[in-house]
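First comes the structure, then the notes that go with it.
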Amino acid sequence: MRVGCIGLGPMGVAMARRLLLAGHDLTVWNRTAEKGDDLVGEGARRAPSPEDAAAHAEVVVTSVADDAALESVTLGQHGLADALSRGCVHVSTSTVSPALVQRLAVAHAERGQGFVSAPVLGRPPAAANGKLFVMAAGPPDAVEQARPVLEAIGQRLFVVGERAAQANLVKLACNFLIFSTIEQLGEVFALAEKGGVDRARVFEVLTESFFGAPVHRNYGQLILERAYNPPGARVTLGMKDTRLLLDAAEALSVPLPLASLLRDRFIAAVARGEKDYDFTVIAQQAAEAAGLLP
Amino acid sequence: MRVGCIGLGPMGVAMARRLLLAGHDLTVWNRTAEKGDDLVGEGARRAPSPEDAAAHAEVVVTSVADDAALESVTLGQHGLADALSRGCVHVSTSTVSPALVQRLAVAHAERGQGFVSAPVLGRPPAAANGKLFVMAAGPPDAVEQARPVLEAIGQRLFVVGERAAQANLVKLACNFLIFSTIEQLGEVFALAEKGGVDRARVFEVLTESFFGAPVHRNYGQLILERAYNPPGARVTLGMKDTRLLLDAAEALSVPLPLASLLRDRFIAAVARGEKDYDFTVIAQQAAEAAGLLP
Amino acid sequence: MRVGCIGLGPMGVAMARRLLLAGHDLTVWNRTAEKGDDLVGEGARRAPSPEDAAAHAEVVVTSVADDAALESVTLGQHGLADALSRGCVHVSTSTVSPALVQRLAVAHAERGQGFVSAPVLGRPPAAANGKLFVMAAGPPDAVEQARPVLEAIGQRLFVVGERAAQANLVKLACNFLIFSTIEQLGEVFALAEKGGVDRARVFEVLTESFFGAPVHRNYGQLILERAYNPPGARVTLGMKDTRLLLDAAEALSVPLPLASLLRDRFIAAVARGEKDYDFTVIAQQAAEAAGLLP
Amino acid sequence: MRVGCIGLGPMGVAMARRLLLAGHDLTVWNRTAEKGDDLVGEGARRAPSPEDAAAHAEVVVTSVADDAALESVTLGQHGLADALSRGCVHVSTSTVSPALVQRLAVAHAERGQGFVSAPVLGRPPAAANGKLFVMAAGPPDAVEQARPVLEAIGQRLFVVGERAAQANLVKLACNFLIFSTIEQLGEVFALAEKGGVDRARVFEVLTESFFGAPVHRNYGQLILERAYNPPGARVTLGMKDTRLLLDAAEALSVPLPLASLLRDRFIAAVARGEKDYDFTVIAQQAAEAAGLLP
């Protein structure tokens, strides 16, 4: 299948490589062109513009940082919406607002194009190993058309609904579960430490009994080791996703008291000068409120 | 080994049966004697008093409802502390306050007896199948002496420290993780439902990606099915354990904002007339605050 | 002084009338022209457009609903920024975002015009009686120039800083104190009622001891009487102002846990179908969580 | 009237002096006898025991630190309940639990004595000037009998109900309003400071507009000046009263989310080593979470 990939950050590169490995005919574009050099060496074609990447693709995959970037690359000047052929499909893998993907769905539909929102769960190393979880939503025919791409970029595809926004709502809910699990573990570790219980022993008890999911193991390990720097994913990212979640929940009139607590944690982390630390650093706040030194 | 079992509620009976199966010589006592009938049929001896159950035991295991019951059965008139021989060990499996077990540890030590606090994680059906997790703390020699009992009652023994209170702190932390996971899932399900995403689909995405621990599967299933009645474990139990946690944390000067939120959920559940529902019913509050009908 | 008034909702009309009473030469404009009929009868001139209202004014006062309206009437087509003469001053009395007024300050400065942000504290009946509190910020010369207007519209003028945004920050803080006092009183009344203490007696004790400020008396009375409908000011207004506060606080990296709680209360109120009730209705949630019937 | 005063801390001494000034015939007792020296110099008689202070009194007033002290002085060995004559009245002015005063009410009634719970609002300097607010509850005849005493010790007497516990519930609610107002102001001052608005200017705007009650002026001034040490009333006192409130609210099944937040603030203050600072120091936490240096 002819696939265009727009946005070659660590996630974008990893997904593009999975598509090459799966035998797709790949065209890539990134604002900073050098980010695509390795992929070109592995057989991808470099496009001079997003328009061009879209023009020859049956499916174009975008992986960009935020709402503004996705809106610009899709609906801006030289954007892919004006270049993609009728009947072709835009697959957006970014964690952006449900509101934006719903607008994009309308814009593509007006042009006779398909749109599938398919945010992914997992960090870049998981992406490189094809271990992402993909949660997709869109009209069934567009999802079917993009299925070879959606299945190639991750280990498991979940189709969660027929409206694009639904995929983003589920993805934001997953991130919320990650952040709030960090808060849970931060509180538990602070309590254990002040009670004189070895934190590593607590981690073992938890992860080998009822609390052994990847969310517990992966983030618990980082908190245990206070491995906040260099970051796997930054506080600013956690802040952004929590804001997107709260905005989406407000639009649906759903109070989320845990998410409000997380919002305060992220804001405090920024105020404390930790914006470029790994977002698990918010666990530190429970420890410090308990009088444990940083 | 000669083992006495005091307290034959659903958990106590299940643990006693595991001890019989493991070949121990068992004496049982319960305030309401009939609760021990089945065990007697299976080979246990019935004691006329807790004193008697303790008098002939090398290890006496207690499984009672709360602090008051444990204090009474141990230090009250005809309590086991006065009956247990020097060099023998009291294993307390109840989820009670760290403060109480620390007092019991002192009382037993003064009498030349051992004391191991070993609260268990799991509901009665798990106990019946030997699937409990046992988190024990106490002086190493007492733990070693009680080890055959500790290993028989569950699938896995974790020794978390040398002070009895530490086991209870870890157990209360586990229960806190259960309750706060219920809150997480309650908020996520409310959001999904108002966003038009099928709750069962969300449950599948979560449990088959990053959030597949028993805590997610077991409690998520109950919330999904709104299976709050009859209860597996009641709101009153969740309220009690949250109060124990907050008291222990206050004594150690550890603020636990998530636990404060859970406390409010449990109090509201009681106020709403749900005290005898399964404690997962607190997930319902996020749904109703979002305007979803009960 | 030649004054233009743009925006003739209940607040705008009341302030315009104060300006007439103070002897100013008044021109008025409102999207729905009839709202100005009474003022015209009292001596104001009706302008055909905001541009026109601004063109002949030394000071133009705007009183509009929200950020979008203020931006449109100021910087939109036929907006007042293009019509106001150099050296004249725009006084914005709306409770809008600090971010917007800062942008307006720049836009006016670029045109050689003054800009004073001067949001007001008080509901329309207070405005009609000249009882508003005015909190103004802007360059000192602009404030001086507008002073006769600023002093005419309220009982008391506070100049809080030289940057327009500062006035809005203080105003949002005042509204936050109002909303959080409603929450305080809602919790106290729920507790009193369940403890069998007469709520009116509690209200008397509070307001005649340490808690007798207008914020306690005015809002406490509404809660006491459950006088939520018809509204003096709506839930949607409380929601909007809380969102503005949280956004401003996030931009300054200030966590506000009380404001997060209020946000959840307002969202729940909307979810419960109370968006057009008086915003004191959020006090009802504490009562209902305590099992008191609505 | 013959009045006995038991407990001569700063509050007790101030109230005793008001009673002397009002012409009552006073007997005083305190564990540390010297605390009564000044009063004896001013005309009071010193009693050798609480029993003795009670034995000759028509009304005995207690002012002690906490539940344990009040229970001991009333029902302990040589306690006043056994010494007070039938038909005489015990007036308890301490801020203790509603549960305890309810038990004392029963114990006194069984002895044919009256009991009025009458906690007071105000700090020692206010007490010295007769500026306390007294909130009393008890059987009407006991209240009438004690009225000359109740009216002498403060500026204003509020009778809030016929069950002793009700007075304590109202008093705890007042303290909750104080603590939560400190939190409100702490958040507002943090926001203002980070927004570059002068905190003193904000304080002026607030207290001269809608927020000018004593609770705003008195505590706002302390926060403004960061006058946390020496303390007027300590963090430990705030912690105790918040615990009493939460326990009383739990017994009545009333969730109080603001009080839960305050509880966390007080626990963190203790963890930070601030237990002997003035309780307004909790306002500091909002400032530090916003990155403002202590």
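For clarity, chains are labelled A, B, C and D in written order, and residue numbers in each chain start from 1.
The rule we apply is simple: a contact is a pair of C-beta atoms (placed from the backbone, for glycine too) under 8 Å apart; a residue touches a chain by one contact, two chains touch by 3 or more.
It should be emphasised that the depicted structure is a prediction, and the values quoted were computed from it without experimental measurement.
The chains that touch both chain C and chain D are A, B. In this assembly, the chain whose C-alpha centre lies farthest from chain A is D. In this assembly, the C-alpha centroid of chain A lies 54 Å from the C-alpha centroid of chain D. Computed from the mean C-alpha positions, the centre of chain A lies at a distance of 39 Å from the centre of chain C. Residue positions of chain C touching 2 or more other chains: 249, 253-257, 261, 264, 267-268, 271, 289-291. Partner chain A is touched in their complex by these residues of chain C: 243, 249-250, 253-257, 260-261, 263-265, 267-268, 270-271. Only residues 264, 267-268, 271-273, 289-291 of chain D touch chain A when the two sit together in their complex.
If you check the complex, the residues on chain B that touch chain A are 98, 121, 133, 135, 156, 158, 160-161, 163, 165-166, 169-170, 173-174, 176-178, 180-181, 183-184, 187-188, 190-192, 194-198, 201-202, 204-206, 208-216, 218, 248-249, 252-259, 261, 286, 289-291.
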